[in-house]
Each structure stands twice: as C-alpha cells, then as structure tokens.
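Contents: one structure, followed by commentary.
Think of it as A, B, C and D in the order they're written, each chain with its own count starting at 1.
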Amino acid sequence: MILQAIVVIPFLSGLVTLVVHQRNLRKIILIFTAIVHLGLTFFFWFTRPPASFHGWLAVDALGFIFLSITSLLFFAAAFYTLDYLARSEQQGKDIHSLSAKEMLQPEAIFLGCLQLLLATMTLTILSQHVGLLWVAIEATTLVSAPLIYFHKNERSLEATWKYLIICSVGIALGLLGTIFLDIATFNTAGQRVPLFMRELVNGAFFLQKDWLKGAFIFILVGYGTKMGLAPMHTWLPDAHSEAPSVISMLLSATLLNCAFLGILRIHQICVAAGIAVFSQQLFIGFGILSIFVAAVFIFNQ
Amino acid sequence: MSYWADVIFVLIVVLNLGLLSSSRLGNCIRLVAIEGALLGLLPLLLQGGQPEGRTFVFALGSILVKGIILPLMLNWAVREANIFREVEPFIGYTVSMVIGVVLLIVSFWISARLVLPIEVSRLAVSTALFTILVGLFLIVSRKKAITQALSYLVMENGIFIFGTMAVALETSFMGIIIFHINRQFEHIDMDQLASLKDWHGTRHSEERT
Amino acid sequence: MKWYALIHIGLGLVGSPLLLGIMNRVKAFFAGRRGPALVQPYYDLWKLLRKGNVYSRTTTWIFTTGPMLGLAAVLTALTLMPFGGISALISFKGDLILFVYLLGITRFFTVLAGLDTGSSLEGMGASREVQFSALVEPALLLGLTALALETRCLSLSVIYRQMTTIIHPSIISVVLLVMVAFFFIFLTENARIPVDDPNTHLELTMVHEVMVLDHSGIDLAIIQYTAALKHWIFGLLIAGLAVPIHTGEFWLDTVGVLGGIFIVAVLVGVVESTLARFRLIHIPKMLVAASVLSVLAMILVEVSK
Amino acid sequence: MDFFTLTIPWSFPGGSFSIGLDALSVFFLIPLFIISSLCVFYGWEYLKHDTKNKSLSVTWFFYALLVFSMALVFMARNAILFLIAWELMAVSSFFLVMFEGEKAETTFAGWIYLVATHLGTAFLLVMFVILGNLAGSLEFNAFSNIDRFNPSLAGLIFILAVIGFGAKAGIVPFHVWLPEAHPAAPSHVSALMSGIMIKTGIYGLLRILTYLGQPPLWWGGLLIGSGLVSGVLGILLALSQHDIKRLLAYSSVENIGLICVGLGIGMLGQNTGMQTLMFLGYAGALLHIFNHSLFKSLLFLGAGAVAHAAGTKRMDFLGGFLKKMPWTAGTFLIGAIAICGLPPLNGFVSEFFIYWGSLEGLMARSHYLVGLFVIIIGAGALIGGLAVACFIKTFGIVFLGESRKPALKEIREITWLMRLPMILLAILCLAVGICSPWLLKMLRPVLEIVMAQAADDMSLLFSKATEALSMITNYAVILLLLFLGIFFLRRWAVKNRPIAAGETWACGYLHPSARMQYTASLFTQPLTMLFRNVLFFRQYKVLKGKFFPQEGSFKSETHDPAGYIYQPPFILFKIIAHRLRLIQHGNLHLYILYIVITLIVLLIWKVGFGL
C-alpha cells in the first residue's frame, strides 16, 4: 500500500497545486510533498515494501538506487525553487528589463508540473510492466515541457518545441520497441510471457532472439534520445540552456536516469536471454561516442 | 480474411507514397485521414475469428478519431495559420519519392528477418516499418511545423499497425493505453502550432550569439 | 707515504717558473734577441710578492679567494701527478677523474674572480675562457681514458708506470696520438700562442690574461705561480708519455723526465714563435680535433687487441 | 621485503589501501621530508609579502596535500592507490603553480603542466593494466612474483614506464612542461617540485624495474641514450636562458639525464653480468638523486630570494647582489659548485661514480659496448664543462659586478627565516660531500633492492667503493687545508703592504658604466653559437638610420626544439573540434535526421546482417 502512496501523493499534490490560488499554500504543499517523498524513500531503506497493485509496481534493487537519487534531488530542488521563484518574481517586477514578450509561466502551473514530474518519475522507477514504463516516460516528457517553457520567450518556446518533437519521436520509437518486445514474447510454443519484468527475465530464454534484438535497438535509440546519448543528444544543450537552472538540474540528474532505467530494463532481459554480448557492444559504442562528442563540445564552449 | 488485410496494407503503402509526393497541405491531411480510417478497420480483420465487443469498440473509436476528428483539427490549424502550400521543403518531392522506394526495400528486407510467429500476413511488419520510416523521413524533410505534426501522425499509424498486431495477440490493454496517450499529445501539439505558424526551424543559439 | 714523491713535488714547486723562463728564452732566440734571464719569472714573482695591492671598488671577497682556491686546487692536482714512471704521492682507482675536476675548480674560480670586477673586458675573457674549457674537459678526459684503455688500469700512476715498461709497436701509435692531443690541451689551458697570446697588451685579444687584468700584488703573484704550476703539470702529462725509459734507478728516471719537461717547454717556445694566433672560431675545431685524436687512439687500441 | 606494511580493506574495485616501507621508499622519503620542511620556513617568509589579495591558507593546504601525496606515492603498494596518489600530486602541484594565476604566462604554464602530466598518467594507466592482468592482481607484491615475462611484453611495459614516468621526471622528449611550470610556481614550491617531485618519476621507474627481472641490453641503451640527449640538450638550453628559474628548470632536465645514464649503466651491468658496472651505475644514480634534490632546491631557494628582492627574474636586469645579499650569494655559490660536480661538494661524488662505472665498462672490452662507454664519457665531460659554464654565468651575472638596472627597488638581504633553510642545505651539501663513504654504507640496503641481489657478494665492491670515496674525502680535506694555509700566508704577507682602492681598469676608458658589463646571453654567446643548429636560435636586430644611426636594439632568444614536436597535434585537434561544432547548429530537422540515421544504421547492421 505504501508503494502506491509514494506515487499517488505527489500526483495529487500536483493537481491540487494546479488548482489552488494562495501562493504560500502552494509552497507548503510543495515542501510537504518533498518531505513525504524523502521520508518514504528513507523508510524504504529499512523495510523493502512488498509489490503492490498486483505486481505492476515494485521496488527492485535497480529501481531503489534511482528512487533514492530522485527523491533526494527533488528535496533539494523544492527548497531551491522557492527562492528561485521569489527572485525571478523580483527580477520581473523591479527592473522591467525583461523584454515585453518575456512573461513568466504562471507559478501554479510551474509548481504543479514540478510535482507531477516527481510523480511520473517515481512511477517510471517503480513500474515493473514494460508498457507501464513507456507510459510513465511519455508522461514525464509531457509534464516537463511546461517546466522548460518557464521564461516565455521566443527562444525557450523553440527549445521546448524541439524538446517535445525530438522526445516524442524518441518515445514513439520506444513504444515500437516495447511492441517488438511484446511480439518477441510470442514464440512457437504458443504460451505467452506477460510483459512483467520478473516473468520476462525468467522466461527470457524462450523469447525470439531477432525480435528481442529489434526491441533492444528501438528502445536504445528511443530512450537514448530522451537520455541524450551521442547522436541523439542534440536537443539536450538547447533545452537545458533555456530551462531555469533548477529544472535543468532536475532534468539532467533525474529525468535522464529514468530514461536510462528503461534501457537497463531491456538490458536485463537481453542478458537473461543470453544475447548480452550484443547489448554490451552497443552500450560501449554509444558510450565512447558520447564521451568523444562531449569532449569536443566542451573544448569549444 | 487475411486477403482483405493484405489489400489494406497495400493501400496504406500506396497512401504513404502519395504523401511523400504531395505538396498541398490539404491533400496531405486528407491522405492521412483515409490512412487513419483504413487502419481503424485493421483490428477487426486481423482478429481472425469472431471479433469480441472490445476490439469492435476500439476499432470504431480509432476510425472516428483518426479519420475525422484529427483531420478537422489540422484543417482548423491550417486555416488559422492560412498557409496552404508547403514552400520549398528541404528535400524535393521527386527525391522524396526515390527515398520512399529505398525505405520500402529496407523495410521489406528487415521484415524478412523478423519472421512473425503467427500466420498474420507477411505484409504486416513491412508495411508498419515502412509507415514509420516514411513518418520519420517526412518530419526531417519538411519545413512547416504543421507538416511535421502530420508526419508524426503517420509515424503513429505505423506504430498502430504494430499495435494492432499486438492487440491481435491479446495485449488489448496496451493498445488502449497507447490510444489515449497519443490523443493527449496531439492536443498539446495543436495549440503550440497556432502560436508558431510562421516558424520553420530557424537557426538557433550557436550562430546568433 | 712514498718519500721520494715529495722530492718530485718539491721539484715541481721550485722548477715550474723555470719553464716560463725557457719558453721566453726560446722565443727571444727565434726573434734574434738575447731575451730575459732564465730565472726572470722568479724575480717577477719576488717583486710582486713585495708590492702593494690595488682593489677595485666593485670587487668582493671572491676576488681574493679565487686565486687562492685556484692555487690550492692545482697543488692538490700536483700531488696526484706521477713523475714519469715513478708513482705519485697518493694514487687510487679513478684518480684521473679527480685530477680533471681539480683543474675544473681552478678554472671555475679564476673565471669567477675575473667576473667579480664587473668590467666588460674581463667578461669577454671569461666568456671565451668558459667556451674553451667546456671543450677542453672532454678532450682531456678522453685522452686519459685512451691511456686507461691501453694499459687497462684506472689510476694515473699505474697507467704511467705501465706505459713506460711495455714498449711495443702498437703502443707507439696510441701514445703519439694522445701526446698530440695533450699538446693541444697544453696550448689551450696555459694560454699559449695559437690559442691566446700571454704577453699581448691589447685587452680585446686576450683570453686568459684579461681575466687576471685587475689582480695586483700578491694576488697576481699567486695567479702567475698557479699558471706556472699548470705548465709543469701538463708538461709532466706529456713528458711522462714522451720519455719511455724506466731504469728503476730513481735519480736517472727523474733526470730523464725533467729533461722531457724542458724539451716540451722548448717545443712550446718553438711553436709560439713559429705559429701565429688562430682565429677564435678555429680554436673549438682544434679542441674537438684533440678529443677526436683520443677517440682514434682508443679505436686503435681496440683494433689491435 | 617491506619492513613495515599496512593494509586497510577498501571498497574501491581492485584497489586496496596497502602501503609499505622498504629501503627504496625510505631512501626517497628522507629528502622529501627534509626539503619540504625547510621549504615551509622559506615559503612562510616568502609569501608573507604577497598576501594583498590571495589567501595563504589555500596555498598551504595544497602544499601539505602535495607533500602527503608524494609520500603516498613512495609508500603505495597497490596500483590503484599509486595512481590516485599520482593524480593527487599532479592536481595539488597544479594549484600551487597557479598561485600567481593573474599573470598570463602562469595560466599558460599551468595549462601545459596539467595536460602533460595527464598524458603521462595515461601511459601509466595502460602499463598498470598490463601488469595487473599478468600478475592477476593489482598488488605490487603480486607483480614481483611474475616469474617469467615473454620479452616483447616486458619490453612494452618498460617503454610505457619510461614514457609515463619520463613525462613526470622530464626526460627530453617529454620535458616540455618542466621549464614552463617550475618558474611559474613560487620558489619554495618549485624547489620542492624540482627537488623531489621529478624524482617520483625515477622512483616509479626503479620500482617497476625491480619487477621486470633481467633487463635486456636495449633497455640500458635506451636509458643511456635518452639520458645523454636530455643531459646535453638540457644544459645547452639552460645555458641560453635569460630567466634564472627557467635556467634552473632546464638544468634539472640535465641532471635527470645524468641519473638516467647512471641507471642505464646499472642495467647494462645487470645484463652483461659485470658486478662492478651494475653497482657503480646504480650507486651513482641513487647518489645523484639524493644530491640533486639537495643542491637543486638550494639553488631554487636562492634564485627565489634574488627574484623576490629584485622583483624580476631576468638575469640581465640583476647584478652585484653579492654586496647586498652576502648570505644568499654564499649559499648560492655552494649550490653552484655542487651542481657543477666540483670535488669538495656532493655533486662530484655521484658524477665520480658514473664516470668510474663507464670506465669500468670500458675495461670490460666487449667490443660493441666500448663505443657506448666512450660516448658516455665524452658527452658526460661535455655536459660537465657546459654545466660549469652555465653556473659561472648564473653566479657571475647575478651576484658579481655592478647592478645593471640601478632603478630597481632597494635590495635588502632576506630575513633569517629564509636564510636558515638555505644555510642548512648548503651545510648538508658540504657534509654529504665530505662524509660520502658513510653515506654509501647507508645506501647498501637500497642497492640490494635495486640490484635484486644478495648483499654478501657485494661486500668486495663496497670495500673498493668506500676506499675510493675515503680517498676523495682525504683529497677534499687536503684541498681545504691547502687553501687555509695559503689564506694565512697571504694575510701574513699582505700585513704591512699598502692597500689602495681604485676603479676597475677599463683599458683607459674614462667613465665606464654598469650597463657596459657582460650580459647573460652575451656571456654564453660563443657556446650557443657553437651549438646553434641544435638550439632554435633567433636573433632580432633593429638598426635604424642608414647614415646617422639612431637607437637600435638587439634581442636574441633560443626556443626549445622539443616544443615544436607538440605544436602540430594540438593545432590539429583544435581544427577538428572547431569543425565538429557545426553539428550543434540548432536545426530541428537535422537533429531528427541524426536519430533516423542512427536507427536505420543500427537496424541494418544488427538485425539486417544478424550480427
């Protein structure tokens, strides 16, 4: 039951913040969510909660690392945002230097989406079903779009638009990968393996190798775009430079992890299915390419 | 039963090729609408035996949305931004056709590798792959934001074909989820478009600053 | 303690100024004049010892310690030098390295003393001296190594004792080459004509003399005595090779070597009066020639074995 | 082997915090602690005036970190720990070099230093990986029981070690950072760096050599070759420098060259089985490491004091400092005599061993080795001669004569706190020079490790060496006694002679000025002209006016030939990086095109060909 709480609470508080009008009430809700989330994660450190929602949500070892990172960082981001909002408010009022077009995203939407982002990220981490994982990642993209579009000027609109288009193309490929995985589970023997991580890993040997490879490629490219692997990283610098610093911190620190988690899940399946060499080669290739591209661009900034 | 499915698949391939070569926006929207409607029928045919009620509702829903609602919204956006012709796309139409054929060959070749376990028509995988690749290609090769949204829809259709196959393979729950999420995305897409009517991928930060 | 080695050191201390006298007398003879008395250098030294000193205001304690340390180093080097076949006061394996570096100390401090006065002329002399000495050291060490390779032992006294006893045809060519190399080094180290003119009066042309330009009184005496001793040491180096006989009779050998040294002095006098000064850029070639000769000697030794 | 080991389990994969002390480590730790503690006194006073806007606590933190990391390098017994300490040393010394970061050339020097050390570390990384999987674990004692190597692999490991450690030690092709970084650092730091830090490279090389077993012939040859080239090129470049600290940095390159020659001779002895050759080579190298750390730090402290007092490091602006800074001048003189290897001091002892070693090698009469030893003796003597010239120039131009730029601020002798370390170091140099036989006895355990041989059959060698050293000590004493004798004789003789003061004789020129004195570059101009095709010698002459000559100017400088090796690769990388920038042009379509291309390529490659 607690497991559902850690997802539902941020979701509800996000919706409430969207609606509520008083400024400091919103802030209280934000702080409350951050504390509750961190408290629950801390609690999970001691007693690993049982799977809930008949197997769809569970905290496995891999997910737990990401969960602790995400909640800790969100906790920090929450406090930082309070001050950030106050300062940008101040900036907007007194110096009027912001160009006329420069308006700020209404605070309600900003804080609301922030909490929804936390909810969706927690959902991604906890989901054991591959399909649910895809839905959660899609949700994180949609929720984070308005966050990037905080300073409403022409450049951040363009950055958001790029972020949306490229990430949705990526996620569409991710969806295709999930479907490939689903088809891969249907083998000649006729019995089906449900798309739950536990069954997939145990029954991995019976999956069709070709479809599994196809699934891996699509998911790697799809979620790789979201994660910012080398050839697909092009949206990352633009989006992060336009987004407010706290958001780019959250994006790069936690959101990329969730996308990476998606890839790691499929990697688990590949390892179980015995084609580990195939996936490892790709990982190494993309890794080196990303390091090289990053080095070149850092050198030039 | 699979005969009809093959007909639909061939029709979809033809529609995609048509999309590649058409320069008028209205025409493109109409092609995508027909393609959406055809795809709506697919789950019924692929079901093989007696289609249950759920897939029936599902097919009807998808025809309704893909065939009618989305084109209307796109047309509204086109009228709103009063742009009717795709002006000098990155890659010319004839060249797009050639690339379309190449993509067809590639998708057939890859689908030959990905043998389907069940006796769904051989065309299914290749048509799906082809539609996705055409969608991706259109996003890249067309300048207008609206055309990009359109080509994103084409890619959705491609995935939908895969989805229907999966649905045929009893993962209906997945299909429904896919369906709703995409709708929400299209909606957000639309209002963004309204405010970006003249935008067509201007050059960004590095050069100007 | 070999007491007779002390005699040789005494001979060196007393006889070294005589060499200068001989050289001047030979030059005078070639020039057709009577020339100064043989013992004239002794008179000069005695005169300088009794004169007063004039110190430049820019000089410091280095100006006075330079010559003294130079003399001390040369005296220690003298104790190392074997007198022809007869071994030196103290000899140990590897003393030829110490010998070369002791001469290095003399050079180091005479140049520093020269620089202390801060005059541009002394600077010029110092820079030339430093250039030549940087090339003399390899030549000297290679020469000694050639001898060591020939006689297969590393102590100066043992080398010279071996050298004089075994006389057979192959050794003569090696000895000749090394002697010529040592002769070049003799001319450079002691500032003889082809390298530098000891009694010129134009400061711009001097090398060794200009560094001691500002010394006066007892410092000048010390420097001149050090120069004389260096003549004696290098003379010994060459004479030890030139006089091959080693009768075992102490007095006879000593007289033989003394004769050798004086012949070397006469030879230098002859060279001084016949040759004119080389241009400064040719002198490095001459010094490199010296080291090449020693290397050639080594190759001959290798080949003959 | 280690008489003290401490192993703490450590969660780092493959690594373990295992440190140990054996004779070799202790031999390197002693100079480290001596010099670092002395430099603290010096540095305290030296930095006191520069606190206008820099917080000293940061620099002293990094100073402590540097000393700690160097000690850790000497004690590390695990490859990972060694590399961590190595990296820590590089980073902390980088921050120390950047103390005067506001100057442009300091940042430039710091940047080159950082890049050079990390390139070197990359080679070390590869070497430790090879050694690691050969020995099965990354522990050093696991390396030692690798019984047999196939020769090509051992050769590769040796090459990597020479490049990796050579980059830190400053062997010629990799020495480019040394003359940049050392002058830029504050003097007490460059004293520590030049004294000890470049020795960590030699320590690493020695440590790895003990694991590689019997060295083949070409290893010794390589070390001797690179040593001689470093020696000659180092001293030639030192000769032609105007900046006093750059001069000292280049002379460090020369001394490292001599150390490598010693090591090379030792390895030749090990290969050909000639005991004396091996003993003399290694003993010479180790002694020179110890001696060099002493007199080089003394010289750097002296140079720092001069630069600090005068405000500039250019020798041509200095002059006549002996009269104003007697203590600094005295200690600098002792350092200069020591580094030239002149007898009474410690420099001579190690050079004596190296020459003696090469002479012994010559005696061994193996034909093709004779050529090598002749070259060593010839080049060694040349290096000695040039070193004498170089340090006569340094001492003469800076301390003797008149001050060339009277306008400089009033020069005062440094305070006692700075003088004390220099005097102590000078005394140490003299002490090591005089009582070298006892020092050799202390060296015995270290030599056992390096020569990987039992001590007993070395006793004959030891007795011969100590006998020679005691002779040298006697001669040093004779020299000093003679000097005292002459000194008192002279005082007695001069007692009642008139002493007059006058003007330096400038052959009749009426009003000589201080500017007429010889400058640094002019002093060594004959020598640098002799070797001008080795050094990149540039002269800039400006002569205005054809008939009525106005003012002209002359400037000559020598560039490091090795600098030109590293120019092209860095320019190439800059061009590539600039060209690659175009990927990020902001055009959405092409972004998606990248994704599509990756997808299709992967699909075709992986699924299509079914690889």
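Following the convention adopted for this analysis, a contact is a pair of C-beta atoms (placed from the backbone, for glycine too) under 8 Å apart; a residue touches a chain by one contact, two chains touch by 3 or more.
All values reported here derive from a predicted model rather than from experimental measurement.
With respect to chain C, maximal separation of chain centres occurs for B (centres as means of Cα atoms). By number of C-beta pairs in contact, C-D leads over the other of C-D and B-D. Nearest to the overall CA centre, using the mean of each chain's CA atoms, is chain D. Separation between the centroids of chain C and chain D, computed from CA atoms only, is 35 Å.
Each chain gets a centre from the mean of its Cα atoms; for chain B and chain D, those two points are 70 Å apart. The distance from the centre of chain A to the centre of chain B, each centre being the mean of the chain's C-alpha atoms, comes to 26 Å.
Distance between chain A and chain C, defined via averaged C-alpha coordinates, is recorded as 88 Å. Across the assembly, chain B contributes residues 110, 113-114, 136, 139, 202, 204-205 that each touch 2 or more other chains.
Within chain D, contacts with two or more other chains are made by residues 581, 584, 586, 588, 590, 592, 595, 599, 603, 607, 610.
Contact between chains, as defined at the top, is found for A-B, A-D, B-D, C-D. Here chain A touches chain B in the complex through residues 131, 135, 138-139, 142, 145, 155, 157-158, 161, 164-165, 168-169, 172, 175-176, 178-180, 182-183, 186-188, 192, 195, 208, 210-211, 214, 238, 241, going by the rule given at the top. Across the complex, chain A meets chain D through its residues 161-162, 165-166, 169-170, 173, 210, 213-214, 217-218, 220-221, 225, 231-232, 234-235, 237-238, 278, 282, 293, 296-297, 299-300. Residue ranges of chain C in contact with chain D, taken from their complex: 49-60, 62, 64-65, 68-69, 71-73, 75-76, 79, 90, 92-95, 97-98, 100-102, 104-105, 107-108, 111-112, 115-124, 126-128, 130-131, 133-138, 140-142, 145, 148-149, 152, 154, 203, 213-214, 217-218, 222, 280, 284, 291, 295, 298, 302, 305. The residues of chain D lying in touch with chain C in their complex are 319-320, 322-323, 333, 337, 340-343, 348, 351-352, 355-356, 359-360, 362-363, 365, 367, 370, 374, 377-379, 381-382, 384-386, 388-389, 392-393, 395-397, 400-402, 464, 467-468, 471-472, 474-475, 478-480, 482-483, 485-487, 490, 493-494, 497-507, 512, 514, 516-518, 522-527, 530.
Taken together, the chain D residues at the contact with chain A in this complex read 573-574, 576-578, 580-581, 583-584, 586, 588, 590-592, 594-595, 597-599, 602-603, 606-607, 610.
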